[in-house]
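After this come two complexes, each holding subunit A, first together with subunit B and then together with subunit C.
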Partner chain A sequence: MAGSGIAAITRLAWLLTRRIALLAALLALVFAVVEALPGDAADATSERGESVADVERRRVLLGLDQPVAVRFLRWMAGLPSGDLGVSARGEPVLSLLAGPLPNTLLLGGLALAVTVVAALGLGCWAALRPGSMTDRVISASATAVLALPEFVIAVALVLVFALWAGLLPAATLAGPDGAPAAWSMLVLPVLALAIPQIGWNARIVRGALADEAKASHVAAAVLDGLPSRRILTHHLLPGALPAIAAGVATSTGMLLGGAVAVETIFNYPGVGALLAGAVADRDTPIIAGVVALTGVAITCVLLAADAIRAWAAGVRR
Partner chain B sequence: MRRPGSGVGGRTPPVLRIVPALLLLLLTVAGPLLAPQPMDRPVTIPYAAAGADGTLLGGDQLGRDVLSRLLHGGRDLVFSSLIVAALVTAVAAVLGVAGALRPRLGQVVERVADVLMLLPAVLGILLVTLSWPGGGRLALVVAAVALAIPYAVRFMAAAAAPVVVTGYVESAVASGERTWHLIFRDVLPNLRSTVLALFGLRFVSAVYVVATAAFLQIGPQPPEADWALMIRENSPGLVLNPWAVLAPSIAIGLLAMSVNLAAGALSPKAERT
Partner chain C sequence: MALLAACGGSGGSAPESAATTTAPAKPVSGGTLRIGALGRVSAITRDPHGTQANESDYLIISLIYDTLTAPGATENTAPRLAASWKADDDVKTWRFTLAQGATFHDGTPVTAEDVVWSLRRLRETPSGAARLPGIKTENIEADGDTVVLTSDYANADLPLLLRLTTFVMKKDTKEVADAPGSGPFKLEWYRDGNARLVRNDAWHGGEPYLDAIEVKIFESPQAMANALLGGQIDVASNVGAVAARTAAARPDVQVLRRPDDMAMPIVMRTAEGSPFADPKVREALRLAVDREAMVKQVLSGYGKVANDVLGTGDPAYAEDLPQRARDLARAKQLLQEAGFDLSKTYQLRTTEDIAGLAESAALFATQVREAGVQIEVVKEDSGTFWDKTWLKGDLYTTYWGTNDSVIFFSSKVMVTGAGQNEAAWSDAEFDETYKQAVGTLDETTRAQALRKIQEIQHARSGYLLWGMADGIDLAASTVRDLPKLPGYGRVQLERVWLARA
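Right after this comes the complex of A and B.
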């Protein structure tokens, strides 16, 4: 027992190391992209009539006059302590993100939770009655929605539920703490983000359960006359779990990327508004900071998926 | 248990499932010729309701004809997406087969795909287009292609793996044929349907990425007519003329769905971005 415990810890430690190495590679890639492309933050924020000397002064202020190697080390070394550098306007990126980022993670996290519950429910419902009308309706609607851009769904939801039915607010108001003022304001943004991912993951659940149904131990359980609900929870789902976890993990990036557009429509107080400002100002350090922290969030979900996969593999052995 | 059906679409012959996408693409490309009004001049009051001054779908935020802008607004989205999908497919077809023939290259691509999984495509495009002022549409296409290639290579390498261990390819490798010859003469001709399927899938995600980027004001700039930009520009007048937002939303929605339906007909098994 103790031996298997140590083996499990070693395995988890290895998974953790691998994920951290991949995250470090992403951060290096972000730096390289910003570095390799023409133009820097000092140029980008230059205003009309500003002299070359003014731009140079800001370049020194932003540390852009240092050699590439020094800046790379500074960027990589600052990240573990949460130092994401300064924006082109000279404010620390971390403090700019401190207010909006938790709101975006709340939105993305809720959307992920809704996605998991709805996709599992719909996928299992369809899989319990293969080939039935229910199965075909669920599969066809899942396919129909999975390619839709989130902002298009957001517009449709606003029109139907906010403007015509008047049931839910069309825009998000921030409370005194900067978070959305009421829970009802989260409903439409979460739905707009979750609907395409529910479509995608419901198909994965349905497909993984169908693959698992071909296994011999499942056929034996069917012959034993076990109720189909028990076969689903005890024989099909455990084996299908790794594929489902991998699918949900790929959805995390889609949710956080789509949140930027959805937040704009609902005027949600998240990083979307900050990024829109950064697009207008060409403020690269802010984008790089958001990419870095998004990478951390996705890494956490991928680690959870790794752990589920390792656990499922252990159970099977 | 009965064998699972593959949904409603599974009952229609594949050819019929490509027709909606082809019709819509044709309409989008020919749209500017059909526009009844100039797309860049006001013909009515801002946010005029549908039907005012002979406009079928009303006016936009400057009083320009929504229908005419709608007919103009899909062409660039379709062309950009086609270019992205074609480039990704071409590069991935070559690299994927090369990766299957040369396992070390295949491993590098796998690791790169693992890293890019941490970068949502929309954020990656923002990063590239902002770091490259003056890059314009080229920056958008380059970013979309670069971010999509690793997954596409993975898809191709998986399909090529069984082909490269067939006897005739192995004997060609043993006889010392050059890699490019192996790729183009021996392996790729056997993977035509995989390449076609990959193109369909890449087109679906290119439409998603290009439209979302345009909505975030990366790509087309005012006064250009673009569906995603129309949604963004006309949102403030949603109550006055919902059609100015609803019509381009429906257009993007139909394009995404019909292209996805066609891609499903081209590929037996779906793979993601």
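Right after this comes the complex of A and C.
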């Protein structure tokens, strides 16, 4: 028992190291890609009428005269102490992210929660009646929506629920604390993000349950005459859990990626707008800051998924 | 209009019920105006003297802080913190008298020392030389309660150049973000580009009508229009023609047009080595463009035809210059006379910085093909364009948001050696006339020079100005007296009021 505990910790530490190395490589890539884009932050944020000498002065001020490797290492050196550098317009990146990042995590987190609940519900419902009308309708709709881009869903939701029916707000406005001013403003953005992922995950749940149903212990339980709900919760789901956890983990990245598009349509006060603007401005510290912090968030979800898989595997043994 | 007046009167709460219904409604105090403005979170600046890229930031700053002068309707320069100004005979030294009773939001009076400190701070910013042209830091001084600015050269238009960024803070302000201003509204809170401001009862320009203004930042015009149509905001500032078309069918939404808001000229490089160096070639292109079609298609009709003279909103704009219209035969003839190489394809560089710009380039290319000129449109991303093409390219689109002054453009982009001479134009007669115009306080001499400046521009500058885009705001039916001025004039909200619904 103790041996397996140490092994698990070692495994976790190894996983963590790998994920951190991956994140560092990603950040290096961010610096390299922005460097490869034409123009730099000093040009992009200059005012009309600023002379070449003035732009050059600001370039030195921003440290952009240094080689990209030096700038990367300097930026990385600040990371452990929570220093994400300064934007091209002189605002500390951490304070620029302080409002938008929690909002995006809230949006992504809610969408993830809705995805998990809805996908599990729909997947189980369909799996309990294999081949039935319900099963076919759920599977067909899941396939249909998983291919829809988030912005198409977002625009449709705004048209129907905000502009025609007037039931929900079309735009998300921030209150004095920087968070969405009302809960009702979260409904449409969360749905726009979650709907394709629900489709994707409902199919995974349905498929994993179907695979699991072929296992001998399930057949035995059915022969024992156990009620189908008990078979689902005690015999099917535990076995299907690793596959479901992997599917949800994949969705995390998709959700945060889709958030950028959805935020623009709803004017949601998240990192999407910040990121888009920063790319236009060649503002590397902001881009790297967003990548680092969302990377940490995704890593946490992936680790949780790994833990669930390890736990489920342990239960089965 | 009649409908709106009727709506305003039907509230029944109007105290002057005896007045006839046709009289213009009397402004009432009170209410909170929720106004949306465009901005990017990544580009937020709170420094009044910083690089203002966001309309939302500029709006908030303009409500909190006063500039020395401001854009006006009848005269293009109106008083603000400076009540009056006067130049010495050499037109180099200018004296600005501050408004009576101007105080900062913390109650301390605004002194000439505060203004001098603020202007010097502005002058020391990286683009300070462009913002206070011809004024060295040490030539900004206080003399009792007047502020004295001494220009390096005679400049009759100095007050005009002080309209947009001369925001005044208290002397020695360290924390700029929440520093008190002397403007019509006081900051209550600010967060990530959104803000709430409340009325400054002690404002020197008279008490504003609104109790409060809430500014909401929007990344896209589409989301801003949706928020307005859904009743989440009362005004969508500078939201554009697309939104106006959507809203046109809604009787409960006002579509407000501010003429002369945006110029999107095509720049033809005039310097040696450019294919457009010959004035005949430039004239030919100006004759090949179909201006009516450009306004109709690029601006959705929300604009008007222009005549290749920049500064169309200037009270001194020469309306009577002959309007250049499409003449393909003459264009072809001029191209032939100039020996223009019609076998080549020329590149027209553009960006998507503002709505309609890239579309204008594409339509222009289609139109001039009928005169035999082959143009390929190259869409560049903003960073590349400003870095590589602007001021250097042979043929490109540009845009300007301050269009109420002929002199402003002359000094910025046309006079020989101007820092932003986009077409590399150099014309001895133009330079001479420009000097005359800015070197005199005599109204007649100045008027004549202004007229001649425009004639020369019309005849041979490097600009093809096909039209002027309206600024477009959407507003709820209760909003009254929104500013009608183009460009930065749209931020003057102190006279806005809300009719009781």
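Quick note on the criterion: the second predicted complex is superposed on the first by the 285 of 317 C-alpha atoms of A that agree within 3 Å, B and C clash if a C-alpha of one lies under 4 Å from a C-alpha of the other, contacts with A are read in each partner's own complex, and residues count from 1 in each chain.
In the analysis below, a residue touches a chain if its C-beta (ideal position, glycine included) is under 8 Å from a C-beta of that chain, and two chains touch if they have at least 3 such contacts.
All figures in this text were calculated on a predicted structure; none of them were measured in a lab.
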{"item": "Which of subunit B and subunit C A:206 touches, first, second, both or neither", "value": "first"}
{"item": "Which of subunit B and subunit C A:184 touches, first, second, both or neither", "value": "neither"}
{"item": "Partner chain in contact with A:265 - subunit B first, subunit C second, else both or neither", "value": "both"}
{"item": "Subunit B versus subunit C as contact partner of A:10, first or second or both or neither", "value": "neither"}
{"item": "Which superposed partner A:87 touches (first subunit B, second subunit C, both, neither)", "value": "second"}
{"item": "Greater subunit A contact set [subunit C / subunit B]", "value": "B"}
{"item": "Which of subunit B and subunit C A:57 touches, first, second, both or neither", "value": "second"}
{"item": "Which superposed partner A:233 touches (first subunit B, second subunit C, both, neither)", "value": "neither"}
{"item": "First (subunit B), second (subunit C), both or neither touched by A:250", "value": "first"}
{"item": "Touched partner set for A:283, first subunit B, second subunit C, both or neither", "value": "both"}
{"item": "Intersection of the subunit A residues that touch subunit B with those that touch subunit C", "value": "37-39, 43-44, 158, 163, 264-265, 275-276, 278, 280, 282-283"}
{"item": "For the subunit C and subunit A complex, residues of the former touching the latter", "value": "40-45, 50-51, 53, 126-127, 129-131, 189, 191-192, 194, 196, 216, 218-220, 222-224, 226-227, 229-230, 232-233, 381-384, 386-388, 412, 419-420"}
{"item": "Subunit B residues within the subunit A interface of the complex", "value": "1-9, 111, 114-124, 126-128, 130-135, 204-205, 207-208, 211-212, 215-218, 228, 231-232, 235, 238-239, 242, 245-246, 249, 252-253, 256-257, 259-261, 264, 270, 272-273"}
{"item": "Footprint of subunit B on subunit A - complex, ascending", "value": "22-23, 25-26, 29-30, 33-34, 37-39, 43-44, 127, 130-131, 135-137, 139-140, 143-144, 146-152, 155-156, 158-159, 163, 200, 203, 206, 210, 213, 222, 250, 253-254, 256-258, 260-261, 264-265, 275-276, 278-280, 282-284, 287-288, 290-291, 294-295, 298-299, 302"}
{"item": "Sites on subunit A touched by subunit C in the complex", "value": "37-40, 43-51, 54-55, 57-58, 87, 89-91, 96, 99-100, 158, 162-163, 166, 169-171, 173-178, 264-267, 269, 273-278, 280-283, 286"}
